[in-house]
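One chain, chain A, links the two complexes that follow: it is found with chain B in the first and with chain C in the second.
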Partner chain A sequence: MESVIEVIDLKKRFKGFTLDIPELKIPKGFATALIGENGAGKTTLLNCIAGVRLNYKGHIRYFEKWQDEERDREENGVREQIGYVGSGLYFLPQWDIGQIEKLSGLLFQNFHPERYRELCRELAIVSGETSGKKVSELSDGNRMKLMLAAVFARDTSLLALDEPASPLDPVMRERLCEMIREYLDQGNGERSVLFSTHNISDMENVTDYAVIVEQGRVAEQGFVEDLKEKYVLVKGETSAVEAARPALYSISESRYGFEGLCLSENLDRLAGLSVSLERPSLFQISVAVMKRNSQIKRGNKA
Partner chain B sequence: MILLQNSGEPIYRQIADQLKEDILTGKLKQGEYLPSIRSLAKDLKISVITTMKAYELLEAEGLVCAAQGKGFLVNAQDSEMLKEQHIRRVESSLLEAISAAKIAGMTDGELEEMLRTLLTMEDV
Partner chain C sequence: MKLMKSYGIFCSRSARFLFFLTAVWLLVQQDLLLAFWHRNFMLPTCGILAVIEISADHWIFGGTCAKGAQGMDYLMSSARGKRVLGYALKGDCLMRLLMDIVVLGGGAVLAAAHGAADPAGILLDTAGMIAATYGVVTLTLVISRHWTMLGYSLSAASAGCMTLMGLLLLQGYFPWIGLLSAVLCVPITLLAVKRVLDRMEAGFHDGMEF
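Here is the complex of A and B:
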């Protein structure tokens, strides 16, 4: 499998928090989701990869070709190939929609103004031809749509999107998923998307590869279909809980029974117990991994 | 193609089953390309890895083969194998009917009678 991004020995230290990624490969031609609790390091990792944050230790390799120090040389065109949408606003509030078009055209050779205008109309950022609308006058959702329009109006090979779904309504989240699928389809295997999200369920049908980050480290990763085979969702009556507990990766109990994830390789340890097995969703896997890892860190029993 | 989100059957298997049906009934013919994994994912509104897994399943069953860089190609279907596949489906449907008949308390004679009656009916 080719990778679009290869992270090697990446370290970024903050007060009380260290992002520490010995190795991470983002597969080329797919959509990869960065999942993790608040403060897990998703944004920091994404910003390092997108080249927005430069003060880190370690290396990032782009398109199996360029090192980080080559990323910033204009003739290599690495930055041209990356479309970045951050969680903080990077358009100034006093800019209007028309000015953003002009500025994007100046900054990026691969920016298509007509595609930008079409996206602005289609995503209903403004009604009619009001290109004089200022960023400060837009809602959070519309600001995100505007950033997405500016990025999807470019010919790129990698999109790095930080929490693109968060401020969007359900209809727009669905549209975002569609846009990502179209983007990948048009790239015919040459385009990749990396996005961070808390809206795992909404984005599951567009997620090919998942990287679950916890406390600055990668706690789990893999192609979603593989992860769904690695873990099995187990449900049972309260009477079976004590017998099942040692075999489970995670567990949550109620008055009526329990539910938990079991590693497929440990399934035989549940033999003889009356439990039902199901294929877990990415959401269920992610929550279990996040909970288990934050518990380990806090020194509790998992 | 119809995909059910909550049927308990993984989506990739549902896709593979429906494409398999198309191949076995000759709707998809030998030498034809399956849609590319990314365009199928786009049209079905699912992730790329899911369609890829469906295609890999079909490949493992010998129904399609991967052509390097070109996508997936429908294999020549051995007519014996085709027949075998159909017979297996008849068998499993009959087994299902038998178990339903048992639940309903039908005798073997009644079941045979029903099959004979159904066979004489047209349009079945």
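Here is the complex of A and C:
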């Protein structure tokens, strides 16, 4: 598997939290979702990859060619190839849409102003004359659309998007999935997307590869289809719960029965029990993995 | 060219309108006072100029030194971000200095040309005023750029204006203050540029060092 990003022994420390990734490869030509609870380390990992946070230990290799120390050399063009969308601290609030167009032209050689203007119109960031509207006057959703317009207006090889779906409405989330899919299709295997998300269900149809991060560590990763083979969704009545519990990876109980995830390799341990088996969704796998590794205390026995 | 191009992008149309149009208005006002030219007539012009320059900066570089250096991530994601910001900051210093020279110096040159007594003294006096105005405004911006709220910027503008008034009044008694202001303008300019760039650099280094 060719990788667009290779993370080797990455460590970044905050007070009470350490991101610790011994090894991680983001596959080239696919859309990879970074999934995890709040504070799991998704944004930190994305920021390190995008090169907007630097004081980490370890190495990041870009496009199977450049090391992180070579990333900042303009002649290598590594930053030109990465379209990064970050948090609310992305644009100065006093900038307007027209200023961002001109500034982007100065910051990135591969920026296309006409494509940016077209995206601003297409995504309905503001109606009518748009260039004078300030970032501070935009809603969270429109601010995210503006960030997306700025990165999609560039010729890049990797998009690193931090929570792009969170502030968007359902229609725009669907449009975002289409934009990501079009971006990958037009790249003929040379373009990749890495995004973090809490909206797993909405983004599932565009996710090829998933990395589930918990407490600063990678808890699970793999192609979505492989993960759906690795786990099986088990449903049963309350009478079967105690017998099934030891075989289950995670479990949710209600007064009507239980639902849990079981590793395919452990399925034989459920033999003879009155349970139904289904193929899990990425959302169900992610929640199960997160619950197993979460620090949040729950009423349910897991 | 690079300085002005970068500065032109950071300075929005509304900021340009506020910045330049009011400056022209000030120039006209000053010219009207020329017939009665006396150094004290220049004091309100210097004060208003300082308030305009400090307030206008809120819409250009306001908040760039604020905690967490808000709004820097886009610049930080580009290999050219720091350089472009540096050019814009230097362009801003140049632009403000030019405006001070045009608004304050223009009137003084006209006064000297129209046979005012001691033209050399007027020009020297005005040079000191320009240096003091530029220096006090630039130093105030080093502080006001730490705030994101307009109210704080306006307070900084008032404080800067009052400081400038005091300095100019003192300059009337101690002319060497003008020369000192001119000398201090260089390190103050360097400080103003460096402070914002340092905040941007600090943005790359959140969390704890290893």
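Here is the rule we use: the second predicted complex is superposed on the first by the 294 of 302 C-alpha atoms of A that agree within 3 Å, B and C clash if a C-alpha of one lies under 4 Å from a C-alpha of the other, contacts with A are read in each partner's own complex, and residues count from 1 in each chain.
Just so it is clear, a residue touches a chain if its C-beta (ideal position, glycine included) is under 8 Å from a C-beta of that chain, and two chains touch if they have at least 3 such contacts.
Everything numeric in this text was worked out from a predicted model, so none of it was measured.
Trainee: With both structures lined up on chain A, is it a clash or a fit for chain B and chain C?
Mentor: fit
Trainee: Scan A:E182 for contacts with chain B and chain C and give back first, second, both or neither.
Mentor: Only chain B; A:E182 stays clear of chain C.
Trainee: Looking at A:Y209, would you say it contacts chain B, chain C, both, or neither? Reply first, second, both or neither.
Mentor: Touch partner of A:Y209: chain B, not chain C.
Trainee: For the overlaid complexes, name the partner, chain B or chain C, with more touching residues on chain A.
Mentor: C
Trainee: Who does A:L263 touch here: chain B (first), chain C (second), both, or neither?
Mentor: neither
Trainee: So, does A:G51 touch the first partner chain B, the second partner chain C, both, or neither?
Mentor: In the superposition, A:G51 contacts chain C only.
Trainee: Is A:A124 touching anything from chain B or chain C once the two structures are fitted on A? First, second, both or neither.
Mentor: A:A124 sits against neither chain B nor chain C.
Trainee: Just chain B (first), just chain C (second), both, or neither: which does A:F30 touch?
Mentor: Only chain B is touched by A:F30; chain C is not.
Trainee: Compute the least Cα distance separating chain B from chain C in the superposition and give it as a whole number of Å.
Mentor: 28 Å.
Trainee: I'd like to check the shared interface: which positions of chain A are touched by both chain B and chain C across the two complexes?
Mentor: The overlap between the chain B and chain C interfaces on chain A is empty, containing no residue.
Trainee: Can you name the residues of chain A that touch chain C in the complex?
Mentor: 11-15, 44, 50-57, 72-74, 78-80, 82, 84, 86-87, 89-96, 98-100, 102-103, 106-108, 132, 134, 150
Trainee: Applying the document's contact rule, which stretches of chain C touch chain A when the two form their complex?
Mentor: 5-6, 8-10, 12-14, 58-60, 62-64, 68-81, 84, 148, 203-210
Trainee: Which residues of chain B touch chain A in their complex?
Mentor: The touching residues are 8, 10, 12, 36, 38-39, 41-42, 45-50, 53.
Trainee: Enumerate the contact residues on chain A facing chain B in the complex.
Mentor: 29-31, 177-178, 181-182, 184-185, 187-189, 204-209, 223-225, 228, 278-279
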